[in-house]
Structures are given as C-alpha cells and as structure tokens.
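Here the structure comes first, spelled out in structure tokens, and everything after it is commentary.
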Amino acid sequence: MTAAPRASRLRPSGLAQAAAFVAVLVVLPIAFPAQWLVNLFIFTAMFAGAAMAWNLIGGSAGYPALGNGAFFGVGAYAMAILTTHLGVGGGYLVFAWAIPIAIGTAIVFAPIARLLLRTRAAVFAVLTITLLFIGQTLAYNLVSLTQGSLGMTLPSPSFPAARYDQPFYYAMAGLLALTMLFCWGVRNSKLGLALNAVRDDEDRARGLGVQTEMVKLFAYCSSAGLTAAFGAIWAYYISFVFPGFAFDPILSLSVILFAFLGGVGSLSGPLVGALLIVPVQQYLAFRFGASHLYLIAYAGVFLLVIYLLPNGIVPSCRQYLTRLRRLRSGPTAPDASLLVSNVTAGKSQ
Amino acid sequence: MHLFVQSIIIGVLIGGVYALLASGMTMMFGVTRIINFAQAMFAIVCAYLSYSLFTHFGLDPFLSVAILMPMMFLFGYGVYTLLLRRLGKAGPAMALMVLFALGIGAQGVTDLVYGTNTITITPSYANDSWVVFGFQIPVIRFFAFVMAVAVLGAFHLIRQHSKLGRALRATSQNPAAASLLGVDVQKMSAIATGLGFAAAGAAGPIYGLIFPFTGNSQYDLLSKLLTVMILGGLVSMPGVIIAAVFLGVVESVIAATISPDWSSFSFLVALFIVLMVRPQGIFGGHRMQGALW
Amino acid sequence: MSALLSVQVASKSFGGIRALDGCSFDVQEGSVTGLIGPNGSGKTTAFNVITGYERADSGRVVLRGRPVTRPDPCRMYRLGLARTFQQSRILPGLTALENIVVARSQPWYRLFAQRAPAGETQRAFELLAEFNLVDYANRPAGVLSYGQRKLLEFAAVLMDQPSLVLLDEPTAGINPVMKEAMEAHVRSRNEKGVTFLIVEHEMQFVMRLCDQIVVLDRGRPIACDTPEAVQDDPRVLDAYLGD
Amino acid sequence: MAAARGSRSPWGQNPFGKGVTAMRRSHTALLRVFSGAAGLLAAFGSLLLAGPVGASTSSKPPLVVGISMSLSGDFSPLAAPQLNGYRLWAQTVNAHGGILGRQVVLKIADDASNPTQAVSNYQNFISGDHVDLVFGPFSSLLTIPTAPIAKRYGYAFIEPSGGSPTIFNEHLNNVFFTQPAPILSSGNEFASYILSLPPKERPKTAAYPTVDDPFTSPIVAEIQQRLQAAGIKTVYSKTYSTETVDLSPVVAAIVAAKPDLIVSGTGGADAVAEVNGFIQSKFNPKYLFFTGGPDDPSFKNQVGASNVNGIFSTGDWFYQDKTAGNAAFVKAYVAKYGGTPATIDSAAAEAYAAGQVVQLVAQRTGKVDNATIIKALHRGTWPTVEGNLSWNAAGSPNGEDIIVQWVKQQLVPVYPPAVAVTSPILKPPWGG
C-alpha cells in the first residue's frame, strides 16, 4: 500500500456531500409541505442534532455522558423564562435566542464540567445522571422562576396555520447543519485528534503532551451548549415546558442509542441512527398503538444489536466495504481480519 | 428532637435493605467489573414472586427468601455464563447495557403477568409496630433490617472465611495473577454474579413488604443503588454498607425535619461534592481507568 | 557532561510496600543510561515518578538543574521528557500516522488547526519510514503486532524532539530482528544528541548500549557505574541472586 | 377522588417518581426508540393485512375521531380507563345508528406519555389524516401543548382530563373540559364542608402534606388558605417530590405535629402509604382527606377494609349519580369491561361525557363540524354522565365537585348536601 499523506483538508467530494446535505435540508419541507411531515422532520432534525452533540463528548472523547437531557432542559427553560419573564415577544426573532442560550449554557456549565471531568467511566456516568435529576429538581422547586410543577406556557407565534411549522423546521434544520459543521470542524482539527486520543487512552495522551483537560472541557461544554439550543427551539415549538418533560431521560438515552446504532464516534453515525429510528418510531407509535409486549420486544432487539451489530451501522458498513475492496484487490494484508475487532474497541490494554 | 431520632431509626432500618442490594452489586463488580443495572429490577421481580407465593400459597414473604435466593443465584450464574462472558473485550460497558436490557425485558414480563397497578404485600402483621422508649418501630422494617444484616453477615463469612471466598477476593484483586494460581476466573465471575443476584433475591421480598411497588419502581431503586455504590467506592463492601445506611438516614432526616422536597436533592448534591473531592468515593481505592466504551 | 535529570531522595509507598526508598540518581546529558534491578526493585515506579504519572511521597525531580514542581505527564513531556511503557500504550483507534502527529505538543490555539497539518504529516511520515511502518500509516494502530506497537510508540515520542527519552523494557517480547532495529534506533538518536534512560531485563542489550548503569534494589540505587564495573560488582550479583 | 383521576398524579399508579419518573421515562425512551425497529416488520405485515378500523356499514362516510392516548409510558395505567370510556361511547353510539347516520370510528395513537409524540399525533390526525374531530389526550400535561394545535386548525378540543388552571389561562375558545368543575373546586367544597361544621366539632389544627404535582398542590393550597383564614391552625405544611418512595419520614413528622385534620395531596399509592403509616404509628386524626387514592378500586384491599371508614376524598362523578345516561353507562361499562360499578374509574365517565357532548351538539344542531361544535358549546348546558356541563369562554366548567367518604366500607357522596347520599360520619378508630 503506497502511503499518500492523508488529506484532511476539505476534499471536493466532502464539499459536494455537504452541499447535498444542506440542499436536502432546505428542499425537504418544500417538497413535502404537509404539516404532519414537517412536524416529523422537525423532531427528526432535533434528535439527530442532539445525538451529534452528544457524540462530541460521548463518542469522540469516549466519556459516557448519560445526562445530556439536562442541557436540553436548561435550554428549554431558558427559552421559556426569556419569552415569559423578559417578554421577548413571539415571532421569528425568538429563534435567534437559541444561539445566546447555547453559548450561555456552555459558559455557565464550564466550571461544573471541569469538576465532572475529574471523574471517569462509571463514576462519570452516574454523576451525569444526577445532573439530570438536579436540573429537574431545580425546575420543580425554583417556583418563582419556573412556576414549578405547573409548568410554563410559552407565547405561540402568530405564523399562518398552513405554514406554521416551517419556521420551526428551518430553525431546527439550521441548528442541525450548524451542529454538523461544528462536529465536522472538531473532527478535522487537532481538537478532534486530541479527543480521540483521550478516548483511546487518556493517561497516555497526557503523557504525549495533549491538553486533555482543555479538550475534554471544550467537547463537553460545546456538547452541552448545542443540546441546549435544540431544547430552546423545542420549547418554543411545543409551547409548554414542564420539569418532567424538559429534563427528560428519554432524550439522554435516545441520543446514546441513536449514536450506538449508527456508530459511536463516527461523524455521520448518530445522524444515521436518528434518521432511521425517529421517523419510524414516531410513525409507528401514531399508526399502531403499543402494548407491554413492546418492552420485551425492545429488550430482544437491543440484545440483538449488541450481539450482532456491536459497532453500529456506519462503521460496520465501512468495514464491510473495506473488506470487500481488499478482497477485490487480492489478499494483500494478512491482518485484514484484525481490523474488525480493533477499530472501535476504545482501549486495548 | 423526638422526631429527629425517630427519623434516624426509620433511615437506619431502610438503609439495611439498600445495603443488601448494593453489596450484591459490589460483590459482582469486584470480580467482574460489571455494574449490574438490572439489580433493582431483579429485586422487584423477586418482590412479585414473593407476592405470588404469599397470595397463592400463603407463604410468608420472609420465608420465600429461602426459595428465591438459590433461584436467583442459579439465574445469575446462567446470565454470566450465557450472556456476559461472551462479550469479550468490550466487556463491562456492553455488559452494563445488556443487563439494563434484561431489566427492561423483565419489566415487560412483570407488566404482562401482574399488570401495572401498584402491588402491596399485606401479611397479618403489615401494620404492627412496637413502641420502644416512645419511638415507633414498625415490625416489618425491623425484621427486614435483621434479615438484611443476617444475609450480609453470611456474605461476609463466605468472603472472608472460605476457600471460595479467597478465590473470589484473589480474582477481584488481580484476575491475571489469580488465574496463574489456578483460579478459574470465569467460574469465579459467574459465582460472583450469582451471589450478586442472590442478594436481589433476599432483598426483593422485603422491599415489597415495606413499599408499594410496580415494575416502574426499579428506576428509583436503581438510581439509589448507583448512588450508594459510587459513594461507597464500588469495591469496598463496608464502604457500600455505610453509604447505604448514610443514604437512608440523610434522606429520612431531611424529609422529616427540613423538607421532603429537597431530601433526595441534597443527597445528590452531597454525592456530587464528595466525588469532586474524592473521585474514587469515600471508602474506595478503586479508580476507574479509561473510557467506558 | 552535566546531569540532565536527577532524581533526589524520592520515596513512594503503596500500602506497606516501599517501591522507592530515598532513591537518588543522575542521568548525564547525552548518555544512554540503563536502569536495572530485580523484579519489584522500583524501576517502573521510578519512571512513573519522573514522568509525573505518579506523585512521589517525598523527594524531587530536577531537570537541567531546575526542580520540577508538581510533575505531571503533560508538563514533563512538554519539558522534553518522553517515555514509553512496558506494555506499549499506543492509541489503538487512531491511525499510525495520527499516533505520531498527536504527540506533537502545541500551544492551545493550535488545537483549532487541521487534524494533521501538512508539515507535521511530512515529519510523521519520515518517522514512520525510519521505523519501517509506512504501510500502516493510514490504518488503525490497533492492527499492529506487539513489536510494531513498541516501534510506533518509540517513533511517536520522538515527534516532539525530546531531550530525554525513557524506554521501559523496549525489547521485551519482540523478535530478535526487531530487537536489533530497536538498538539501531536508540544509537542513531543518541548520536543526534538525545539522552536515553532505559529499563531493560535483557542484559546483553543493556551492556552493549549503555554508557552508564544504575542498579536499583528495593527502591534505592545500590550501584551507579559503567556497564563493566556494574557487571563485576558483588552487590549487584547479590541483589539479583538474593532476590 | 373521582375528581380527577384525570387530574391525579400524572405519574401513573405510582405517584412517587420523578426520579422514578425520570428514570422510568427512560424505559419509555428505550422502548420508543426500539419499538420502532421492533415494530418495523409487524408494521409492514399489518399495512398489508389491516383494513380500515371498524369499517362503516352505512353509506354515509364515517365520523373519524382522532385521539392521542398514553398507551405506554408513565401515564398508561391511569389512562386506560379513559380509553375504555371513549371506546364504550363509540360502541354505544354506533349501536344506535351513529351520529347523524355516520358511524363513529376512533383513531387511537400512542403518545408514550410524551408531549413530543402527542404533538406529532395531533398534527398527523389533523393535517395528515384530516380526521373529523379530535378528543383530548390524558392529563393536563399533554393537553396543554396539544390544545393550541387544535386551535390553530379550528378544531374543537373536547378534553376529559386537562383541568389544570394553566389550560384555562391560555383562553383558548376551542377547549371544553368535560368535568363538572375545574380541579380547584374540589378544595373549595371540602373547605366549605369543614367550615360548615359546628364550632365544637371543627378541627383546631391541620396538617397539609402534598405531593409536588400540578393537580394536588393547588387544591391543598386552596383548602389551607380558607381554613387558616377561618382560624384553624396549620401545624404542618410541606411538599414532597413525586420521586419520594419512602413516606414514613413524612408520616413521622405529621404524627409528631398531632393535627386534628389532615388534608393530603396524593395521587394513589402515596395515600395508601400514608394511611398505613398512620396505623403503624397508632395515630388517628379526626378528619382525614386525600385528594386522590381512596377512590382507587384497590384502596380497600391495600389498607384493609376495616381501616377505610371515615376517610374523605373528592370526585367529579359517582356511579350512583342520577346524571344523564349514567345508569346505562354504568351497566354497559360493567358488561363490556367486567368488574363492579364501584370499580369504575371516573376517568371513563369523563371520556364518555366528551362523546356525549358531541352527540348532543349533533342532535340539537344537526351538524357535527368543528365550528358548529365550538359555537354551540359556549351556550346552554349539556346533560352528560358528568352532570349538566357548561363552560366559560376559556373552557373551564361552571359546576362544582363532590366530596365523598368511606361509610360502612362503601365510598359514597356526602357533600354538598344536594348530592349527598348520606351525611358525613365521624372517623372511627383504625380497625373500627
């Protein structure tokens, strides 16, 4: 194999992919203007974006963050408080608030993240779960700010009914594109390399002069901020926040499952996972009810994924393609089979 | 003051049940490095089984422990041998998810069999209590505590004073060295898993006696157990027991004297702070290395 | 020659065991120094203390005459002090190329630069070529064999042009051909002025390569001399035999 | 309470559980995520096999009603009776020839107790499937985010279980809550009852524990405010979070305060836990009121039949009510779903009433379009199993709730006197 330096610059094909991605995002609600479809696109974009945001800390850095729903809740409540207490009126301007909310969340969260990131693995996982409960408890109990268990209603904008969902869609899609761009940027920068080094062997990375503390902090805070932005738009769309809904473990876990299904750590994995599951699940829940058998079915499917597709869809496909290509070009590398077991196994000591 | 002492009594008595469950998880974690995310659900399953044994055969829930513990041991042994050991390298992280899935599947089964309504086990002595120096001691909670202590004591004896216990401890300290010394590490892991599950078999019926429960109760219980485990330092049995009793007392005292609204919250914050200062937990020496997946 | 690194009365205990017990020794600039001793004599602990992976209970590490306060792996590396591990610790999910690029220390704002900038890629390729690993440049390092991992780890720590490299058992478990390669690499680097501190069990390797040898026993140096002198030292023999 | 099973704890049978809930919602999450994958196959199968639900026999097009229900997730145990009520109504009305000759077809979608899915469901119903009508989902928490969608498309939102003040504060003119009173009313009634007692029998001290829940704490606060103003001393007033599993510290604190009256904001199992706690503590308050729980069919078994007497609760519906069509409803319900009249959950009646309202509009106006329904319901009174309903401009009903009490091991209406079957009794000792 002749080794050409790997070009990590923006290749033409990458540019084309990005353009196609944006084009699809823009055209989607024009091609399928039915409100219920746009509604479906909104939530799909939201979950996909949140999953990608989770991937920054959970995938790239390999830190098992189980409480990203907390940031979603913070974003949702920030939006609710801004629109009701400060009277930031309805309309299009409200969407813009998602950005300051994202940045604010990231900054406010930074000191907490710094403390959290001193722990690892299971301890980190459990602490991030408590983050969610702490957020929820605060939302229940800081009644003067959040109206506690009554929840808060946000002012509904006066968009025309026939096109009501479009602005929300474009806000979500724009945020998704932004998240994609951000993740792509991180991935193709030294930051991404440093994060992957942390994932593989954090102590070793430190011993190689990698600023592990700084890159972890950056990844977690940006993950938090982006998630909060999605929460903010969600709150505006749903027009009602309630502690149990806004601080939602569903979100925390869904994003992880999307990432796992699609492929943890890969750029498009979480996106693929969300694109596959969200529409199907929303549609099925709508079309066919549910029964307790689903719990059992769920456990079954989950176990099947773990035992049969442990690396996720995107890496598995990629491996399959690589192997196919190798086979075509003849049996060159004796260690081709080794590739399978080692690519995603974070640590091999 | 009376209320303060009363709430401490309540807290200590309930802390015993958490201690029993959490020490099962610790036992399993020590050897396998797997956190049993299904411990709470398996305890609930045992509560259901005990409920059935009580309603259909009149078997006292405390006695049903004698059936459930061996049963759960075999179940745990089987789960490790058939499912967990096959995970290989990605082991502990994936095992955690496998167990969580098992827990959810188990809830699917109990929802199907028992429905989703709250179950209360009400033996004749359900609402009896003693008054000692003016303090209420509910009979059920007292016996639950005694039972928890007895089972914990048995675990301790097994661990410290038997050949099996020595092999278990060796494996948990250094699996590679243990296997060089002829210890069958996989078998020890399966046994540890079995013992961990057996703790759920013992604690489930008494949990069901004390609290009304449904399949959904597993999540609250699980979050408590995780907190206790982390605070106790994951591998330290005494640490986990103390943490469990501490959790029971703190929650109870705050709920009774300050505000029930903030009791869990204050505990979480305390956990948070403790771990900031000592990431390995108050009592533990085990610091998790590397990423979880 | 002046001492590039000196360890001064460092002590470190684990539970009741004193892994380092008032340990002091120097590593001369430009030398290849061997650190030997029976199993459990504290060699790896010494490495860990020097590179900041473990905090010494007492004592200090002096680099170029300046004591290092609060040694930390990241700081020590940036001060020009790099190490490898007994069980080589490469980053298995990164490509071989990235394993080397990542070891280039940089100011924080460079984190926003490209993942593998052309200049660094170029340099990494040179290193890979030197260590005969070019074929694996774009493949995950996890696929490398045990010996290749050792080479890659060695290559990686050279990326930042360190002044002192600590090698922990560089030849353990690798085949003789690779052993020779390893020896050649050490020599060539040493000629370019890199100082080495090597923990090694294989005595012939040590004797051939080292200018000076420090013998540890029970956490403290019992001899510090040329290979020939150490070989004849009865205390050293005692330490090994009495073990 | 009969009152609002709908307005009971949103957390399902186990009212404890924010942590619970939080985590428990997680299973729902996992469930939802993977039910997608799991159901794919089944879905394709059913797409091929399933015909339209309940194919119409008449020549007129069916009247399709879209309803999002919490078939899974936190609310599912509590939502089940509401769905039963809807289904029973559809069956009954179809047996009598449908509405204006159109057979009623219910389209039920699962929202997994989650607002995101509930919003999607109503979007799908209205803009995708173009259903004729929509009825409300379970609980205020899902009604609040979904009502504006119906409003946007000009649909009437007849909803049986969203009685929280938040909904009426939105001033949506398409919302109609099919219970006789908004939830705050039940507090008012109980306070009135206590204040109607002769001074000698009136409690001197009162304790007010409540779960932190939008449907209980406002009721308790309302009662506390009125009783305090009347000079009844508050000796305990605390909120516990929905995640509280162990209520014994709360009970210990109440017992230590020795109140004459306990007004407890509860959802179900926490009422059982409190009663058992009082029995264990050998503490017998003179008056014991729970906002929810004592009306639960399993309450008697769980606290022991000999312990129920004298316990108060509140309700919006009662199986002995002489309201419009109630006898037939009770009979049909027991025939269809089994059990006894006493075990019928009021949520079923509330849902049934939603259907009755539509039926009445059709009868009176000869039309069933949404504009007509909205216009018609803002005037006049509408006799249903829930009583004679009428609404203000924001959809809040104008009636009042009923206070019920366990008397001779039966739960009966005791206040206000107009609807009382018997007069309230003094609480006997436990076991008496």
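Points worth noting:
Every chain is named by a letter (A, B, C and D) in the order it is written, and numbering of its residues begins at 1.
Keep this in mind: contacts are C-beta pairs under 8 Å (C-beta built on N, C-alpha and C of every residue); 3 or more make two chains touch, one makes a residue touch a chain.
Given the structure is predicted, the values throughout are model-derived calculations rather than measurements.
When the partners of chain B are compared with those of chain D, the chains appearing in both lists are A.
Leaving out chain A, the touch network of the other chains consists of the groups B, D | C.
Looking at contacts between chains, the pair that accounts for the most C-beta pairs is A-D. Chain-level centrality, scored on Cα centres against the all-protein Cα centre, points to A. As a whole-number value, the distance joining the C-alpha centres of chain A and chain C reads 40 Å. Taking the mean of the C-alpha atoms as each chain's centre, chain C and chain D sit 72 Å apart.
In this assembly, the C-alpha centroid of chain B lies 45 Å from the C-alpha centroid of chain C. Separating the centre of chain A from that of chain D, both taken as means of CA atoms, is a distance of 37 Å. Within chain D, contacts with two or more other chains are made by residues 19, 21-23, 26-27, 30-31, 212, 241. Multi-chain contact residues of chain B (touching two or more other chains) are listed as 104, 107, 116, 223, 261, 264-265.
Among the residues of chain A, those in touch with two or more other chains are 133, 137, 140-141, 199, 201, 203, 292, 294-295, 297-298, 300, 302, 341, 345-349. Taken together, the chains touch in the following pairs: A-B, A-C, A-D, B-D.
The touching residues of chain B, when paired with chain A in their complex, are 35, 83, 86-87, 89-90, 93-94, 96-98, 101-102, 104-105, 107-109, 111-112, 116, 223, 226-227, 229-230, 234, 261-262, 264-265, 268-269, 271-272, 275-276, 279-281, 287-293. If you check the complex, the residues on chain D that touch chain B are 12-14, 16-17, 19-24, 26-27, 30-31, 74, 76-77, 209, 212, 238-241, 243-246, 248-250, 252-253, 255-256, 268-269, 272-273, 276, 279-282, 298, 301-302, 304. On chain B, the positions that touch chain D within their shared complex are 2-3, 6-7, 10-11, 14, 104, 107, 115-118, 120, 122, 126-129, 131, 136, 138, 210-214, 216-223, 251-253, 255-257, 259-261, 263-265.
Across the complex, chain A meets chain B through its residues 61-64, 115, 118-127, 129-130, 133-134, 137, 140-141, 198-199, 201-203, 264, 292-300, 302-303, 306-307, 310, 341, 345-349. Taken in their complex, chain A has these residues touching chain C: 1, 3, 5-6, 8-9, 187-194, 196-197, 199-201, 203-212, 214-215, 218, 265, 335, 338-339, 341-349.
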